[in-house]
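The structure appears right after this line, and notes come after that.
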């Protein structure tokens, strides 16, 4: 940590995963440019783990100083480890905040550990800012996201609908700012970048994708229905295989049920040595945008299949209940069940459709700048009160 | 724990303090009478501590079986220990739930540890029921209460206003039941019980109160303004002393800032050996009702000065922001600041006024029965979704 | 857990890894046969993890009842996670012991989490029994093992030398019993079992090993020199490859530095698709004995390359400081440094030498029976005192 | 924390209680004088608690910078909280060490949390120095002390006997240095200081002691026999009362069973309002020496009744098994049982005897200087190995 400047506001970002980083990076860039605040970065949870792409190294390579690294992932394949991870993260983060003494702590989106940041900071009378609140989805993320809203003092929803939901939950209007999602800020400058370099950096067999039509799959465990994921993974694998299209498949997040997915992926890999599916651990947020822009179709249940893809216009197929309820642009086809035949047909339909029109539903590309400005200038205040609408 | 009956629903109550117990005891009594469910009781946090009245012993003496005792209070006088206590409680409770395998977990009201119960259970895909949600107050309790609502699947608000706030926050109507507050269930049968026995059981000098007009003080730290409590405690002590009325003063809850209060109380006690103020650690919920009914005025910032006192009609003076926003009956005078002269005058005014009419604002005395019935018969379901009102 | 019988002694075993299980299983079998004690089994740490062979499932399949599963591994590749894992395990295990109320807790050997069991139990005034104490090795295990001895009340060293070291450390003679190591109890009945079935069960390509001379590698991170393991792993891979012998390579334990090893193994696998090395997650203890008996040479730094192999007479090459100081039979060649040329030459030397004479250094095959008898009949006593030898 | 100087060695002291501070303060003073090392101070456990004298404030008032404050005491009156406190402290301290990056961590003596420091540091490959190892006593402290020795790389025993015990346990001679106990370093300069100022600072009624013969009592819970402490406390109270001598009684340490003692003390105080016993929370280490030097007899089971009193020659009565086995000078009378009549008679005997000759058993007053010199100049090395004596 750089020496503390008494006059400067300290804003601390807690980044717990690769998805967190993608959704906050443009804010960090803007914060770093400013002279009126001190940027603090804490990396925790799966952000520190090799199995999930060592995001902490990417953050450092991007030129940021990481003030604290907080190991808090309790390993296991049952939902109980989400609870234990969150408990441990609260213990650790409260100690970190007592040392870094931030004026504002920023917590990102809705993974289960997110609430650890909000609890540790709010209980210690530190102002909490929350990004991507107010959205509606399935899974435990739905509850976590709204609970974080009620623990936070400053809100940066991505969409008009999310804004209205936050107000409905009783938050004061002056604390809620529609900014768009920072993950879209990179899209315009990165969508058309050279894909081949990226493929060579990450793929064992880049030639299997380069200059070809290819699919992109991100499929995570739904922690409330984690038992069913093995079956769903098999159906998606089968569907993708039957399209005979080369495919990039990103390893899932660390979550209850992840091992069920990993096991299926390994089994598939071992019994299909000549398959056209290549497994990748991680891209940087910018690289991911390029990949997303070039793929003919994104498949799975990642929010990027709704959010980022709305702006690249990438055809998308969202499977299961993990994203159910989320606002979507016209590029998304939703499937409630994972049936290989239907998935295969919808993939073909989407590949044939080609790119959709770009939508500004999740932001206009300036979220980072807007959020940084508010974080640096808003009044510090932790006294909040439920506002009845009636 | 009694042997698990496969056919019976298991409902687990987590009780973390004496206030928790008072607010759930009538539900436990009703649950114990029923043959269609298995009652599980976990006592944690300050419910296990001698300094806070050893509530666990009272629970056992009342005839309940305590299935698990979970030490989780991290000791200290700074807000950071609320965060650490909550983190530790999540770790512990998740292990307990994995062993007790409840179908429903009940979390009570809004103290900071309450959210540990809600997180551990909801993350483990166990249905969470929450009592006393939807109310509006000051302090971190305000945020914790609403965050618990968003993590819970079943709600038992005490008042119509609280019900409407929960609906506003996006909860499904079928999950929200106005039941009244169980803490009021004991009032009718206990209000007129013999006070003298209780005084003899708890007071060093019962004759200093018996058959006399007396005051009752409960003053807790407001964890968001915990630094100011020393001054406020001194003002209240001064005011009470100047009324020259005998007084029962209950030790404060364990909270950040509690030591500041305790220190003032000890200082006062040491330098006022002949004072008419007697300090008491704890009453049982029923005994408390009797004391509350007999006092000429309750002073401080306990919610019982608003909630239970509404039904006994006891004159009440509420000081500071800890309860600000809570629905009140006409028996309460609110003072924003703790000024000894004003407090003294208002005490005299309230003592002279005498009892107010009884109000049903916080319940009609049947909350325990209603809540138990719903817990035992509602459909088990953890799939919840935000309901937009527009 | 079965209902507690007041008259029966309760003995609780905490099993934290596949190695733990192999080293205590014959004791569990003997305990289960007895009617004078109640057997309790707690599985924790890597014993619950898929990545490390899901030992808990093997334990259940072997007919044991697992009373509690305790997730406590904090994931990461730095030594700090060993400390955090141990801290978390103490918190969890103390809660488990308060519920299971054992008379004796058994902790196995010397991995870093072992001390969590010893601390939780001894602090709670529960008698602690420790197996495989008194041995001398390198790595943090050396310190952990002796610290466990000083926290334990009953000792089951495997060798005469270990016995003498425990006495030297000031333990009372009546508390120390040379029993041999339980991991050797399976050797006689399993050494000659059919290997082919086992290979078919675990290997992708069993024919690559069946009826052929093959090598066996177990190489773990040395947590005090964990940075160097990448280099060492590469050297061993190179040496093994150059022998051109088919090889079974077991994935390493979960430890600081494990990721460095895994990364090298994956890299090797990806760039040597036609390699004769096959990677396996886990064998059962008995299956392992059969594999160990059939291999031409065991290579790496697992204690089984010294302990179990002494009784099968399997030629062994031990590399680095992790086992330095351990008592060895004549079958072991020690190499301080990992140099591929030297390793290769020593492998060829050992393969040419063939089986060594069987040694009883680490036990005569009756450790399980002896330990069970003492656990069930020894006097319960936690008052211990350092015995000066001068 | 001051900015880290790359060339300077960093030595980190973890102070967990008032007793810890008294036993390390003279080392801190010497460290602070030196320019060849950077002093780091972490205060944890009861060192942060108001109930135990707020040692952290005394440390700051003494001119030291406290780098980190780590709340880790899990509150409760059962032995389980010692285990949980230790587990939590390991989690917290490992995070602190990863941030402060010390070259050596110093852990003091033998309270249960002491081992948390040793585990966190040694697992993280940081050199651990341990003071007051090798002594023999009763209670769990006996096991903790020796386990810490086996986890440490540098030892500062106070006595020749302790030195020999450490060597016996297999430590290398070059790592063990007889330095005496730092708590004795203050004795010569403070023994004759003015007592009356100190009494006025801490006592409600200083005149009750000033210029009179008085007794000093320190009685802590023995965590292995914590149930019996109520009875023992009553016997000591009775004995002291019957001598009719004015008495200073220090509140006990935070430990399992402390509440039993506190309860008896409060009961006594309430029912003996005119008693000559005055209760005090804390003295500074130097003030304590003055009090100890002036008292006619120290009674209880504190190690200061053996250690510091050996050098002041203060008559001492040690009760119970907590100190049994410790090396003693001729000033100590040991009583196995707490019987009020015997205690009273022995008090009278000791008061009549008056001062004993001063002993150097626990040090010559230069421990601080010796320890600081070794800490700043010894070679950093974590590779340790058991040294067999045969």
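In order of appearance the chains are A, B, C and D, and numbering begins at 1 in each one.
Criterion: a residue touches a chain if its C-beta (ideal position, glycine included) is under 8 Å from a C-beta of that chain, and two chains touch if they have at least 3 such contacts.
Note that the coordinates shown come from a computational prediction; the quantities given were computed from them, not determined experimentally.
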{"item": "Label of the chain whose CA centroid is most distant from the centroid of chain C", "value": "B"}
{"item": "Pair exhibiting more inter-chain C-beta contacts, B-D or A-D", "value": "B-D"}
{"item": "Distance from the mean Cα position of chain D to that of chain B, given in whole angstrom", "value": "40"}
{"item": "Chain A and chain D: spacing of chain centres that average the CA atoms, whole Å", "value": "51"}
{"item": "Interface hub residues of chain A, defined as touching at least two other chains", "value": "80, 84, 88, 91, 95, 98"}
{"item": "Chain B-facing residues of chain D, complex", "value": "48-51, 71-78, 80-81, 84, 88, 204, 254, 259, 262-263, 270, 273"}
{"item": "In the complex, chain C residues that touch chain B", "value": "3, 68-70, 88, 91-92, 95-96, 98-99"}
{"item": "Complex interface listing, chain D residues touching chain C", "value": "79-80, 82-84, 86-91, 93-95, 97-98, 112, 115-116, 119-120, 122-125, 136, 138, 140, 142-144, 146-151, 161, 164-165, 168-170, 223-224, 321, 325, 382-386, 388-390"}
